[in-house]
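The next part holds the structures, each set out as C-alpha cells.
First subunit A sits with subunit B, and in the next complex the same chain sits with subunit C.
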Partner chain A sequence: MTSSILDQIRGVASDLFNVPVNRVTAASSPETIETWDSTQHLNFVLALEEKFGLQLSPEEMEQLRNVGEAAKLVESKLQAGPR
Partner chain B sequence: MPIVIQPYREEHEPAVRDFNQRLQSGGAEPDLVFFTRAEPRWLPRSDVASLYQEYFVVLDNGVVRGGYALKRQDFSFPDGVTRNVAYYHHPLSEGIVNKSYATIGAMLLKDAMSRSPLLYCLGMGGYDRPLPKMLISLGWANCAIPFYFHVAHPNRFFREIQALRTSPFRTLMLNLAAWTGTGWAGVKTIQGLRKLRSSKPASFTAEPVEQFSEWVDPLWEQAKIHYAMTAVRDCQTLRTLYPASDKHFTRLRVSRGGQDIGWAVVGERRKDEKYGSMRVGSILDCWAAPENALPVIQAASATLTQQGADLIVSNQSHRLWARALEHAGFLGSQSNFIFAAGKGLSALLRPFTEKQSSLHFTRADGDGLPRNF
Partner chain C sequence: MTSDPKSSDLRGEADRLLSAGSWDLAFRCLSDLWSKEPGSTAAAFLVSRLEELRGKLPLLPYRLAVLRSFTLEPAIPLLRAEAFARGIDLTVQAGDFNAYPQEILDRDSSLYHFSPDAVILAAQTADLAPDLWREYPDLAPEAVSTAIQRVSNSFSQWIRAFREHSSAGLVVHSLELPARPSAGVLDAQQQTSQASAIHQINQALRQIAGEHRGVYVLDYDGLVARRGRLRWHDERKWLIARMPIAADCLIEMALEWTRFLVPLTGKTAKVLVADLDNTMWGGVIGEDGLTGIKLGPEFPGAAYQNLQRAMLDLTRRGILLAICSKNNGEDAMEALENHPGMILRPKDFSALRINWNDKSQNLREIASELNVGTDALAFLDDNPVEREQVRNALPEVMILDLPGDPLAYAARLRDCPAFERLALSSEDQQRTTLYATQWERSQAEQNFQSKEDFFRYLEQEAEVAPVAPATLARVAQLTQKTNQFNLTTRRFSEQQIADMAARPGWHVLSIKVRDRFGDHGLVGVAITHDEADTSEIETFLLSCRVIGRAVETALLSHLAQAAAARGRQRLLGRFIPTRKNAPARDFYAQHGFQLLEENLDGSVWSLSLGQNTIATPDWIKVKTIGGRV
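Showing the complex of A and B:
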C-alpha cells in the first residue's frame, strides 16, 4: 500500500468524521471513531469515489471496515484501471 | 458477506416473503414489508413509457436482506429540457431488526444513486425519521412541502380528529368545542377570514370528466415554464396516472369564459385512525398557470365538499398554489411531507432556498397513488 493513498484517505476520514488527522490511523474504524456510523460510512464511500474517480459496489462498501482496508481497496482499483 | 443488489425478479419472491417474515417476527411495524410481487402492479415497466416503477433487492447468498423501489418519471425544468428523474421509495433493510445488517440502508441508497444520478425522495413521515436524517447528513437539498387543510364539517372534525386527542385535557377541550358549537363558530370564522384576504372572488366553471384528453396538453405547454421543476403532466401521463378505469378519482376540467384554465384530481383518502371516522378528501393533483391556481383550488374544494368530505387536505410546494389554498379558506399546519433532492438534482435547483417555493410537487408525486394519497 502506498503511503500517499493512505495519507489521502486519512485526510478524507479526518474531515468527514471530524477527528484530528494525527488520530486517524490505518486501524481506525467505526469501533474507534464515534462519529463513523452507517450514514457517515456512506458519506465516506461517496467521498472516496469522488476523490479517486472510482465506483464502489455494495460488496466493496462492506469491505471498508477500517481506513487501512479502504486504502488497499482504492489502491487495487486504481491499479486495475477503469473498466 | 458477499452482498449484491439486483433487479427484483419473480424467482426472488419466496426470499422476499421470508424477509418480510423476519421483519415482522423481529418486531418491525406491520406496514414495513417489501413488495411480494416482483412486477409492480402500479406503473409496471414498459419499453415505451418513461413513467414506470422498478424494484431492487439486496441478496446475501440468495437471502434477501433488503430492497427499494424507484419510480422513474419525466420532469420539466425551466431550461426547456425534460429529464427522467427517479423517486426513491420503500427502502427496507434487515437492519431494522438485526444490527448485523445496519449498513444495508446506506447500501440501498448508494445503489439508487448509482442507478439514477437525478434522484429525489418525498414524504418520508417527517424530519425525525431515519431516512431524511440520512439524506440531510449526505447534504441533500430539502424542504417540507406545505400542508393545508379545510374543515368542511367542524362538529365532526372536533369529535373525530384523533391526531389532536393527545391528552385528557385536549380531549375535553375538543369535546367541548364539538358539543357547544364554539368549535364550529371558530373554524367558520377563521376560514371565512382567510377567504376575505382574497382580492376578488374567482369565477370559473368546473366539469367532471371521465378521462383526460388532448385539451390538457396546451395547459401543460403554457404553464410548465412557471415551475422550477415539475413532473410532466401531459395527456399521455395523466391517462397513465389516472386511468378512466379508476373510478376512485374525480377529474375536474376548470374553465373560465369558455377557455380551459386548469384541472384537478380529487379523491377520498382511505381510512386513517388519526382522522377517526371522518371522510377525508384530498386535492391530490392539480395544474394551471400559478395565476389560475385559486379557481382550480376552489373547484376542487367545492367538489370534495359536495361529495361529503368532512375534512379536505392538500400539500402544495409552489408558493402561489399555497396562497391559493389560503385564499380558499384553508389553514396551514406542520408538514411531514418532506422533499429531498440528491446532489445531481440539487445542482439543477440552485439556489435551492429560492427555487424551493417554485417547485410543483403534490401528493401525486410521491408513492401515494393509486390509493395512499
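Showing the complex of A and C:
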C-alpha cells in the first residue's frame, strides 16, 4: 500500500462526511465534524468493513470515537489476519 | 482505493472542474472515479457532487420509493451513485420499518404523496413468514399450506391495491431460503421441505406479478445465492442495526436494483457493436489465419465462444448486434462464415463495418444505418485505445471496459444493466430478422426509377386499431423508446396508457404495417382527446424503420376522418422539439395544418376539418379495426 491506514481512513471520512481531506486529522471525531452523526457512524463502520474486508463487533463500533482510533483498530485487525 | 493516487487525483480534478464550471468534464471525471472504485466512500463523494451538477447537465430525474422490512439505507447512496453515472438523478424515499402494508393499502399514505416513478418492495422471509423461517419443524403439513397461502394472499392483496392507487413500476423482492435449513440435510429428503415451501411462495409471487402490468419480481434468493448465503449475511449488523446485508455485499444489492432501474428509465442500449480480433475470437485473423485464431469448445477458445453465446442471448431480448473491426473484409468474412467455432454467423449481425476507418466514424454510420441515435449504442472492444477514441469522439456511446482475462468477457456482458429488459414484445424477439428483411428492402429500392414505383411494389398494408390488452406493452414501449419521429415525446407506462384509453373522449390508436417483405408489427401510436369542437393530438409517433413511406400520412389521415366523423370541427397538433426529433418538425405543415403559435417550447398547428381532408396515397392500403376509433 502506498499510503498509511490512517491516510486511507482520512479519505473515507472526507468522502462520507463531505469535508476536505486536509481538514480530517487523527483527532477528527463526531465532536469536530458536524455531519458525523449516528446514521453516518453506521455508514462509516460499513465503509471501513467494505474497504478493508473485515467485520467489526458492536464493542469495536463503540471504540471508533475518532479517526485515529479507527486507524489503530483497523491496523490491529488486519495484523490479526483476514476474517 | 482512496490510497490510489489516481483516485484521489480524480476527486481533486472533479472538484476543480466543478468550480471552473466544466460540467461535462466533471461528470466524466466522476464517472471514471465510480468505475475505478465503486463503493460506499466514492458513492458519498459522487452523491454530494450530484447536488452541484443538478440543472447543469441533462440528467433524467427519477423518483424511487423503497418499502422494506429491514435497514437498507446504506445501500441507497450506492444506488444513487450508480444511477448518476448513467445519467439518472435519483431521489429515493425509504418507508418506515415494516410499515409497508399500511403504506400500500392507504391511498393517502406518504408513499403515494411522494408520487414515485417506481417502487421497490423488499421484505425478508423472516419477517413475512416467521413461522416458515423459524418454526418449520414444528409445523404440521396443513400449517405449512396455510402459511404459504397467507403470504401469497398478502402479496396478491398488496400488488392489487398498489395498482389501484398508482401507475408506478413495482419491483418486488422474492423470498430467500435459509442458509441452514431447520432440519439440516433432512430438509432435502422431505416432500414438503422448508425450501420447497418458500419456493411455492415465490412461484405464486411470479404468477401474481404476471397478472398485473408493470409489476416485476427481483429474484432476491438468486442474488443472495450468487454471492453466497453465508457471505451475504452479517448477523451482528442484523442484531444491532436491523441491517442483514454484509458491508461488501451492499454494492451487489444496489447493482441488482440498477438492472431494473435502467430498463424502467429507458436508459438502455439497443445495439451492441463488437470488435472481432481478440474480442470475438483470440488472435488476429489477418495474421494468424483461419486455423490460427483461438475459437472453439476447449480452452482458450472457449472464452470467446462464451462471449458469443452471451451476445446471441442479447439478440433474443431484441438487442441488435453489429461488427466494427479493423480488418480486411475478406479475411474477416471468411472467419465469420466458415470458422467451425463461430457461434454467431453473418445473419446475426444487423450492420457490418469491417474496414480501416476510424471506429467512431463507423459507429456513426452503424447508428444511421440502423436508424438509432448513437446514444443507443454499446461498444465492446478489447483495445483500450479504441475505447478511448470512441469515448472522446462520442461520449454518449456506452463503453464496456473489458477485463484482462477473456474468460471474464461473457460475464462482463451478462452483468451489464444496459442490456436488461423487463418485458419482451414479439417485435423484440424478431428484431434481427426484421432488420435482415429491411436490408433486402433497401436493396430492392435501388432498382426502381421513382419512390412511388418502389412504394407500389412494396404493397404496404396498414392496420389502425384501438389499443388492446395484447398491444398495451408494445404501445407503452414505443412511447418510451421512440425519439426521432415523435411529435411530442411524451413517455407513458402501460398503466398510464390503459388509463387514458379508458377515459371518455380519449382515443389511443396503434398502427401495424406489413409489406411484401414481411411484417413490421406494431410501429406507430397516436393518442387524441376530444374537447368541445376540437380533437387534439397528444401523441403521434412512428418507429423509424417505416418513416417516409406514407405510413405517417395514413395514420394522420385516419385521425382527421375519425375526428370529423365524431363531429369535431378541427384537429389540433403540437410539435415539441427535442435534440432528436427534427425529422418530425415539418410534419403538420406538410399536411396542410395552419401554424397557430410558436415559441421556445414548440409550435401549435390546426387543421379545419370542414373543408380539408388528408389524402392517403393509393399505394398504401389502410384497414380500420373496430372499437371506438
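Simple rule for what comes next: the second predicted complex is superposed on the first by the 79 of 83 C-alpha atoms of A that agree within 3 Å, B and C clash if a C-alpha of one lies under 4 Å from a C-alpha of the other, contacts with A are read in each partner's own complex, and residues count from 1 in each chain.
The working rule: contacts are C-beta pairs under 8 Å (C-beta built on N, C-alpha and C of every residue); 3 or more make two chains touch, one makes a residue touch a chain.
Being a predicted model, the structure only gives us computed values, none of them experimental.
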Notebook entry, point to check: Which term applies to subunit B and subunit C once both are placed on subunit A by superposition, clash or fit?
Noted result: clash
Next item on the list: Quick one: classify A:L42 as touching subunit B (first), subunit C (second), both or neither.
Entry: both
Check: Regarding the shared-chain residue A:E34, is it in contact with subunit B (first), subunit C (second), both, or neither?
Finding: neither
Next item on the list: Check whether subunit B or subunit C contacts more residues of subunit A in the superposed model.
Entry: C
Next item on the list: Could you look at A:D7 and tell me whether it touches subunit B, subunit C, both or neither (first, second, both, neither)?
Entry: second
Note to self: Is A:L16 touching anything from subunit B or subunit C once the two structures are fitted on A? First, second, both or neither.
What the structure shows: second
Notebook entry, point to check: So, does A:P58 touch the first partner subunit B, the second partner subunit C, both, or neither?
Noted result: both
Checklist line | From 117-125, 153-161, 171-179 or 297-305, the subunit B stretch with C-alpha clashes against subunit C | finding: 117-125
Margin query: From the superposed pair, tell me which subunit A residues show up as contacts to subunit B and also as contacts to subunit C.
Written below: 39, 42-43, 45-46, 55-58, 61
Notebook entry, point to check: Of all residues in subunit A, which touch subunit B in the complex?
Noted result: 38-43, 45-46, 55-59, 61-62
Next item on the list: Quick one: which bits of subunit C touch subunit A in the complex? Just the residue numbers, please.
Entry: 1-5, 8, 11, 39-42, 44-45, 48, 73-74, 77, 234, 236-237, 239-241, 243, 246-248, 250-251
Next item on the list: Over in the complex, which subunit B residues touch subunit A? Could you list them?
Entry: 1-5, 58, 95, 102-103, 105-107, 109-111, 113-114, 133-134, 137-138
Note to self: Quick check: in the complex, which residue numbers of subunit A touch subunit C?
What the structure shows: 1-3, 7-8, 11-12, 15-16, 18, 21, 39, 42-43, 45-47, 49-51, 53, 55-58, 61
